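The letters A, B and C name the chains in turn, as written, and every chain counts its residues from 1.
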Amino acid sequence: METFFIHLANGLAIGSSYVLIALGFTLIFGILDIIQLAHGEIYMLGAYCTYFLISLAGVSFFPALAISAVVIAGVGLLLERVLFRPLKNVPLLNVLLITIGLSIFLQNGATLLWTPEQRTIPTPYMTQTLRFLGLAITVQRLLVVVVSVILMIAVIFFIRHSRIGKAMRAVAQDKEGAAVAGININLIRGVTLAVGCGLASVAGSLVGPIYLVEPTMGATPVFKAFVIVILGGMGSVGGSIIGGLFLGVIENLSAAYISMALKDTISFILMVAILWVRPAGIFGKILEE
Amino acid sequence: MRSIKGISVFIIIVALFALPIVVKDSYFLYLAILAGIFVILAQSLNVIVGYTGQMSFCHSAFFGVGAYTSALLTMNLKFSFWVALPCAMIAGLILGLLIGYPSLRLRGPYFAIVTVGCAEVVRSILYNWVNLTGGPMGLPNIPPPDPIALGNFITLSFDTRQSYYYLVLVFALFTQLIIVKVINSKAGRAFVAIREDEGFARSIGIDIMGYKILAFSISAIFAAMAGSLYAHYILFISPVSFTIMESINVILMVIVGGMGTIVGPIFGAILLTALPELMRVLSDYRMVLYGLVLMMVMIFLPGGLVAALKLSGSFLSRAFGRLPKGVSSVGS
Amino acid sequence: MSVLKVSNLSKHFGGLAAVGGVDFTVNTGEIVGLIGPNGAGKTTVFNLLTGVYVPTRGKITFDEVDITGWKSQKIVKQGLVRTFQQTRVLFSLPVMENMLTGFHCRTGSGNWGVLWKRDSKGTEESWHDKALKILTFVGLLDFKDELAQNIPQDAQRRLAIAVALATQPKMLLLDEPTVGMNPSETQEMIRLIGAIQEKGITVLLIEHDMRVVMGICQRIIVLNYGLKIAEGSPQEIRRNPEVIAAYLGSEESA
């Protein structure tokens, strides 16, 4: 029984990181209409940034996490300005291929620069454990959940109540209408990409100490983000949260009780299975018009 | 113009048949065979991606299923290659229908991502079902195609590079012929309409799902055939050759060559098979360049080589026909 | 003789009723106008009739056949086809290709013939001729080899109608065919619609231009907020106080 809760806890931890990635992904899609397949590489860059800050500059964990988030958010702004804005009117499919190209470029560029060597982000929290309800949980894992939850709440608050957040929702619903109403679309696009990339960076930094940091670490998470968004609904913040946690838990439980090999494949199988049964996705928004 | 086209095609075919006699270099033949297999992959992908406008990443799954089916049938059940190959094509068809039915209902990008998932599931099965597929160790010692006897005096055997070249050449030409016929048929017209404006096509009575599934199935069948040809040439297969990167490789061939054109994929396949070999020196940078090339082509010249030739105003451009919607603008 | 009969037709999106319980009939050979202020549900009705939306409630009978809930392609085969408010054709293809695509649902060469038959002399030539006839009828013969994106806008509008005619319909739903047209183009369109009626095709027409509506429609149906508020001859509608109020009301809030 105890092991069940440990798996559950692990699932919630990894699931929280999925939520952060999926949130950014779904915001970028909802507001810029872009399926950012290089989002996984943003996550990877965040992890590396934190790693280098800690191991080369001696910064401690939380400041490194925060600095990386800001740096990667800046990368996001740059991406929007330099790549996505000029491509505003290009067909969706072409943009998809462009982000794939970006993903390949970044992944392999990272491999060239930093070698395929797998690293771990050194933090003291990996060796500290907390006794909770008779279970020993690594503090780092707890941190993942706690920081993620704080960010999720912050994002929800930001979108619901801030002026920019409301503007973001307006743009997601009706771009032309929002522009007519005087909203600075380019600003919103930039903010969205900055926030999305910042969230991914935090996810990478949080998970870096637990799992391995290497150039290809973003490939499967971005796909899982997509599955989560299919499960939870494109553009739905709540859906991403529930979907992400759900997926993390299912992955860990099936890996523990059915087969290790299933860990990564379960998300794909889930997605295909759901689409067989409910072709419109769980929230019915992805059929042909 | 038509007869010039016909004559040039004839000359090219004759040249292709004469190739092994003129060029004796064994490595060159190896590349040529590989290129031929990729031409089949690229042309078949072109049907669903270039003509019907549905981006699919599971081509590697069909390629892999074709390879493994053919290899296993000849190795375990002692089938003749000439029976195993059509069986592989049927396996490809079945997988195509299995994946196509639930996913082709979805809007473009969603369908694309689902195909990524399907490709990964298939790869995972190939990797993990060790009893059947040998898992990560793969299948070694695949038998080459058994000889065919024509009458009492002539036996065609396929254990030399030269003979395999002719085998692949014949299959590639066959594939080209079939696909050209399909593109120029009523179905081809429906494919293009779906690509250009699906809602409009639906409003004038075209069965969208039916034609999407048809295009997808055709691409699956020929990809599986290529898989069989691949398996019985390299004589060893493992899941590492059938990943999503492989799919992206073929997509790149179609795009760089010119998607939605009859000859584009041929250019792309030949170029992308030959280039990495020429770029051996840069092997570390190869993948980085891949990503860059994909981005640059999609941003500046989505119509690929064919579009480049057309833009250069060469007289060949008229031979290449029309470019599809998303690719006819250079940049934006 | 009714060719189209709609009873209690409703479409709800979430809690919102875009169309709420509409009844009307269109008789064979008529030109009927469907009018109403913006947002009244007119295009939604078209979408319901052509299978783009599935009705929440109600029944649609076309040519004595219950087509409620049918898929678009099946409805087109039955003989009911529509055009779109924003002109939709295959822009990067030549006009002739557009026409041949329009014939697609009528060239029944069976399941496998579909993969071969296109350039076979027997069938294709007659379709080519049929296409020329329709292009002449709508006045686009000169453009037959031009790319659809290169012809003038009103010609594109006529092309959309020509492609719809290629599906050999019994009834044609036209969504604002004269929007954005100057007076002479509008006159041409009026003439064309009249000629379509003469061919025996029934027309249901969404329009905002009252001169067009009053000019060619035998009967007019008026919608507002998803409900039918009036039905009758042009004279009756012109004098109907509720119709006037609906339009004035929408003008005030505009």
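In this section, contacts are C-beta pairs under 8 Å (C-beta built on N, C-alpha and C of every residue); 3 or more make two chains touch, one makes a residue touch a chain.
What you are looking at is a predicted structure, and each value in this text was computed from that prediction instead of being measured.
Asks: Per-chain Cα mean versus the mean over all protein Cα atoms: which chain has them closest together?
Replies: Most central by this criterion: B.
Asks: Count the C-beta contact pairs for B-C and for A-B, then tell me which is higher.
Replies: Of B-C and A-B, more C-beta pairs in contact link A-B.
Asks: Which chain lies the greatest distance away from subunit B when centres are computed from Cα atoms alone?
Replies: Centre of mass proxy via C-alpha means gives C as farthest from subunit B.
Asks: Between subunit A and subunit C, what distance separates the C-alpha centroids? Give it in angstrom.
Replies: Whole-Å distance between the two chain centres: 46.
Asks: Which integer distance in Å separates the CA centroid of subunit B from that of subunit C?
Replies: 42
Asks: Starting from the mean Cα coordinates of subunit A and subunit B, work out the distance between those two points in Å.
Replies: Using C-alpha averages as centres, the distance is 34 Å.
Asks: Pull out every residue in subunit B that's touching 2 or more other chains.
Replies: Residues 199, 208, 325.
Asks: Within their complex, state which residues of subunit C touch subunit B.
Replies: 50, 52, 72-73, 76-77, 81-82, 84, 88-93, 97, 100-102, 104-107, 109, 113-119, 163-164, 166-167
Asks: Which bits of subunit B are touching subunit C when the two form their complex?
Replies: Its residues touching subunit C are 181-182, 184-190, 192-193, 196-197, 199-208, 214, 322-325, 328.
Asks: Which bits of subunit B are touching subunit A when the two form their complex?
Replies: 53, 55, 102-103, 105-110, 112-114, 116-118, 120-121, 124, 127-128, 198-199, 208, 248, 251, 255, 284-285, 287-288, 290-296, 298-299, 302, 325-326, 332
Asks: Of all residues in subunit A, which touch subunit B in the complex?
Replies: Going through subunit A, the ones touching subunit B are 35, 86-87, 89-94, 96-98, 100-109, 111-112, 223, 226-227, 230, 261, 264-265, 267-269, 271-272, 275-276, 279, 281, 286-289.
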